[in-house]
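What follows is a set of structures to go through.
Both complexes shown next keep chain A, but they swap its partner, so chain B is in the first and chain C is in the second.
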Partner chain A sequence: MFSLIRDTFTSQLVTLWRVFKHMFDKKDTVEYPDVQPYMFPRWRGRIILSRDPDGEERCVACNLCAVACPVDCIALQKAEDENGRWYPEFFRINFSRCIMCGFCEEACPTNAIQLTPDFEMAEYVRQDMVWEKEDLLINGTGKYHDYNFYRVAGMAVGGKDKGEAQNEAPPVDVRSLLP
Partner chain B sequence: MAKIVIDGVTYEVNGDNNLLQECLSKGLDLPYFCWHPCMGSVGACRQCAVKQYRDADDQKGTLVMACMTKANDGSIISIEDEEAKKFRANVIESLMISHPHDCPVCEEGGECHLQDMTLMSGHNYRRYDRKKVTHRNQYLGPFVGHEMNRCITCYRCVRFYDDYAGGTDLAAQASHHHTYFGRQSDGFLESEFSGNLVEMCPTGVFTDATFSAHYSRKWDLQTAPSVCVGCAVGCNTTPGERYGELRRIVNRYHGDVNGYFLCDRGRFGYGFVNSAERLAESQQGKGTGRRTVSEDEAVLELNRILDGGQVIGIGSPRASVEANLALLQRVGGDNFYAGVSDAEFAQLQILKQLSGESALHAPSVREIEECDAVLVLGEDVTNTAPRIALALRQSARNRADELAAAAGIPSWQDAAVRELAQRELSPVYLLSGYATRLDDIARATVVDSAPGLTQLAQALARTLDSAAPTPAATLQEEQKQLLGSIADDLKGARRPLIVCGTGSGSEALLKAAANVARALATARGGDQAVDFCCVVPEVNSVGLVLMAGETQSLGLALKKMQAGDVQAAVVLENDLFGRAPQSQVEAALAGVGQLVAIDQLPTRTTELADLVIAGTSFAEQQGTYINYEGRAQTSMQVFMNNQAARPAWKWLRKESETTLAGLLQTAETTLEGLAGITAILPVSAAAVAGMKYPRQSHRYSGRTAIQAAANVHEGKQPEDRDSIMAFSMEGMSSQRDTAVLPNTWAPRWNSNQSVSKFLDEVGGHLRQGNPGRLLFTRNGSSAGYFEPESAAVTTGDFTLIPAYQLYGSDELSARAEVVNERLTGAYVALAPHDAQQLGVAANDLVTVSADQEALDYPVCIRRSVKPGTIVAFTPAGQFPVAGAGDQVSLSKAQGSGQARFGNLIVSDLQQEGI
Partner chain C sequence: MRWEVGSALNIVSILLVVVVIAAMLIWVERRLLGIWQERLGPNRVGPLGLLQVVADMLKIFTKEDWTPPFADKFSFILAPAIIMTVVLMSFSVIPFAPGVGIIDSNIGVLFVLAMASLGAYSVMLGGLSSDNKYALLGSLRAAAQMVSYEVFMGISLLGIVALTGSFNLREIVQAQADGWYVFPQIIGFIIFLIAGVAESHRLPFDIPEAEQEICAGYHTEYSGMKFGMFFVGEYLGLVLISSLITALFFGGWLGPGFLPPIFWFALKASFFVAFFILMRAAIPRPRYDQLMRYGWLFLLPLSLVNLLVTGAVILAGSGG
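Right after this comes the complex of A and B.
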């Protein structure tokens, strides 16, 4: 019983002392927006669509981000250009639903969709939180600089024929019986 | 029954089957690639290795391929054995060595058997550091895409395409790790069943090109169990919708009807649903005075017309039972006419008459496969009911199974059975108007016009049963011999089958075919029904004839209209110009006060109508269709039409409270032929707390983004008041009830191979029963043989034989944009001798003159055509210049035709000049 009273009392005093000590500490808060906080590169903020090192759209409209999204806020449609390259005809994110969980980025097999350290997305009108591909697509590679999906995948697209991807042999001649 | 032990658990299995089949039937997960229940085992992929033990004391065991090992009584095997698992992992690693790392851009991704099996076998990282083998792709036509890099050389494609479906233009090429599956050169795949490659291929080598053009992943499609409207077989399908557009059609398993396979018309002919031509809104007025009317205005106007004075209704064989019923109930049975040509109506009446006869049995597709002697009379089944043609091909292989059984080889040992049987086939006799695509399995073929075939059939009936009526003509010795061997084969068979149909266009031939079947039943002792398969042209031809009165033909309706007895006519989903001669239709339309046309696409009839009501396609409405064997099946609505089109039955119902079930219940009591039809309505037996079955998968994506561009505030999901399904992801899992099961999915089985989990045994029947119900009750005895009629004497030089095409004979699929590439256009085929006499070459025009009309057709020359006959193909929506068996005259016309004979897939085409 005595020890309980002693511990409780001591704890109160220690707490009071700590609070008092904080008055002399350096401030953690900053005068936002006059002072901008440092955002870590892997912060999960505003979503972008990036381009590959050759400047082409990275997104191949595989729909994996959309299916990974727990709030179903991504909708897109696959289209194909004249060279057989897949791309999204439209790509829409409803940021008023997005919870910035980053599942889409994890699901993306081409590093196209990425979350960025930008959180300043407030709008006066909710409708303005619906972003289309034009709003999402940036002119850069984002966080991942080197990856180009079509250089690895076997599908022929414009500028890369069959057998020209990484680790590929030239197309076989089916009329030949040579090994 | 045999008892086998799998991983320490004892199972009762069918000892005749192989281990793989039995493992899958028991719901166990065992990876495989090359095996298929319909095609047996070849042991090519080595993926289904299991450990087999000699006896209970054997601790070491041996690795065996489950698909190549019989499930003998007392077998002890292990799927989970470490060595077996390691073996399977090594196999899949080898198969994946050259796999091209393109799942994100592969149409198969997410429903890929290779993905499933790779995960199941535990392979995830490519250790092999040499270069990948690559291949060039081929252009395989507008339907099937080709990406050869993805191939794992399981040989399933050629085994299906060549061995199962009888194709000749797809083959394995090159050797060792260069093996290539493709055609000799670029060009469309000729087989009518090429679309099944998409589902047969365990990976993405063959993909649905029509789907790829507006691609969505499997889980993003809104689906419902549907029935194909391409022909009268009634194959079960799963159409998928996304963003308000029908995206694709895949097979939906039905144990009695289509099994695992669809034809290309059914799979790829859906484009008409998305057609830009679709009637989005109802319209009123003619010509320049035509204006769009709102839904309310249209209803008011339609009711005003229907309630005022003498109104007749013309039903449709491509509209659902409910749509026809709504019209019938509105105008009354006496004013309801069958919207089919008079010749076809007469044939359908005979079918109706035969449908009660206990000596005959209309076989299901599965039963057709079991038949071991087939006689086809005047029907080009490949082009009128393709799925039946595929079944006939399997029936011819029953001889191989017999030989194998005698040699003690199980029927699933595919390579061994084929090696043993070589070219030996069960007897198939084809008596048709021209060479057909089944000729390669025929023991004998006869090509003749309908009157000629009728004589043969009458003589055959007489050969089988001496009580049959005496045939009108005497036959040559050769013909007698042929009939003798046909009669012997039919009599001696375990299960003989007579196939005929409306395709011959001849009532007399249909009667003669019925006589053959009756005579055969008598010759076989009369205690067993004989399989009599009568092919009808359209999805609901049988339904329509069961509803319309016996005398209610279109000819009669047109006469009444012409005479001015009718104030208004309501034409339901029908183009009259395809059903009767133009002059007759025009005269009738001139005599009728007001014409109302309900349709989904504009036709010549809708152009002339005073009121055009926008109807929905099969995918936007629920409906019942009755197939060739009298099987009523429900096709559920897949998606909502987001414009002003509504299902025809909703436009036509008098009370807005009338439901689909209500329509059927009323019909059941008033129409004898439809007795028992309400039993097929899917009931929500498993429903808890009134929940519905979802049309969307549990992974459906984009719910909060699809509509967000228009309005970020999400609206309510569209409500479905008509059925037990919902346009949402929520509700009861449809996996519990196969009647409402659009997609199959099981944990670890994302591809269509998951269907095994829903069957009583692999390749068997759906576990909760196959949906649908047979309506024909056969308890009547035969009314006696049909007496042969003497043919009416007409003048002319040539006898006309109607021809059919997979693409073009069906009105709706022909209007799909992608199918357009494969259409030929109207043509007539002549024998080389006749063409020479007339001085015409291929693609010249000839004038075909009949009694009243004369039309110009482009010519092709086919070696099989009998001199003195012409084979005329008229696309759906046009009325042929003359009927089957009619005499016509030919003369050379000026100019040349536009027919695309490159799309004509026949083996006897004389190629010069094309």
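Right after this comes the complex of A and C.
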């Protein structure tokens, strides 16, 4: 009984002392607007549409990002240019719905849609949270500097025929292979 | 006008200073809690965040002062007034310094204890009149806690009263000129400290208003300045308990002569205010039945033993 009381008492005092010692520790607070926090390169923030190394849009309007999006904040419409390349006629992200989950980036087969370490996206008007393609598109390659979908894919577009892509064998006429 | 006990200058300045200090404690507490939790606390409004109090006050004054339609109007409005009145009344007998005080009462200790008992009505009425189950639970807890901790809050002080031979707080302070009462009355001091925390229902004994369990307890339904009065009343109670501990156990205004007496009082009292905030930062809340058992089965017998031993020592010393 006595030892129980003594231990209870001393444990409270030890707790008080240990909490008091925190006074001299380094504070964890980052005073944000004055001090910018370090944002990790793979932080999932504002969404951008990147371009391939030739400066063309990477997005091929496959709609996989819109399908993957759990909150349905991505809307786009496919269009085709004179070379046969697909591109989005419009590409709209409603950032008031977006939860920055990054599923669109994972789903994207052409590394077009990417999340960036920017989080300062507050707006006073809700309508300003809806970003169109010209707001989303950047003049760079984003995280993947060398990747160009139409240079590795087997699809024929203007200026590049079947079998001319990187690491691609010439097309085979299956009927001529008869023994 | 002169500085003497009970002068109008005294009354007005003590009232203003005490209420302003209680309001400033909102900032002090948030800042200190932040420091002890490795944060910074409010530091954006004004220098060091000092104007945070002004911002908080502006907010609380402009909020809608809403009385629920199902509440009992009269006692709902009465309850927050009681706690402010009662705690401010208790300050009238506190001896801040020679010549600084409102009443030089020869039943000062009794008066403070009586006002503390009346304070229980505030939380009881507040919870009952709200007609809300959490508020009712909170006021049930508050009533039981305050009634049981008052018992040995009084008994723990009887040792001092026996040593001084007076209920007058000024005489108690003056009797400590050759030694603070905290040394002969260390057990009484610890019991009074614990009971004081329970009386002002501060953490770790904030069971009546435990946010995590019963969402603020007896003041769940309060808003606007009525809530603000409960809030400031709690801080006033904190200042009151710290002042009482200073006056009763730590020699009040007595101290080396290079500082004026009122500074010694303020220094000692603010040490205890900081200690109470440290307790809030460090010690978790006990369960309700643990609180009751701890009070009745441990602290009450201990305070009685303390009183008996003190009496025996006085008796032996007087040669009777």
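Methods note: the second predicted complex is superposed on the first by the 148 of 179 C-alpha atoms of A that agree within 3 Å, B and C clash if a C-alpha of one lies under 4 Å from a C-alpha of the other, contacts with A are read in each partner's own complex, and residues count from 1 in each chain.
Please note the rule applied: contacts are C-beta pairs under 8 Å (C-beta built on N, C-alpha and C of every residue); 3 or more make two chains touch, one makes a residue touch a chain.
Being a predicted model, the structure only gives us computed values, none of them experimental.
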A:19 touches, of chain B and chain C: first, second, both or neither? second
Partner chain in contact with A:31 - chain B first, chain C second, else both or neither: second
Partner chain(s) touched by A:5 [first = chain B, second = chain C, both, neither]: second
Partner chain in contact with A:170 - chain B first, chain C second, else both or neither: first
Contacts of A:126 with chain B and chain C, given as first, second, both or neither: first
First (chain B), second (chain C), both or neither touched by A:96: first
Contacts of A:72 with chain B and chain C, given as first, second, both or neither: first
In the complex, chain A residues that touch chain B: 60-64, 66-67, 69, 71-78, 80, 86, 92-94, 96-97, 109-110, 126-127, 129-130, 132, 149, 152-156, 162-163, 165, 167-177, 179
Contacting residues of chain B [partner chain A, same complex]: 100-105, 109, 129, 131-137, 147, 149-150, 173-176, 178, 180, 182, 212-217, 219-220, 243, 699-706, 708-709, 711-713
Residue numbers on chain A that touch chain C, as the complex places them: 5, 12, 15-16, 18-20, 22-23, 25-29, 31
Interfacial residue positions of chain C with respect to chain A in the complex: 35-40, 278-279, 281-283, 298
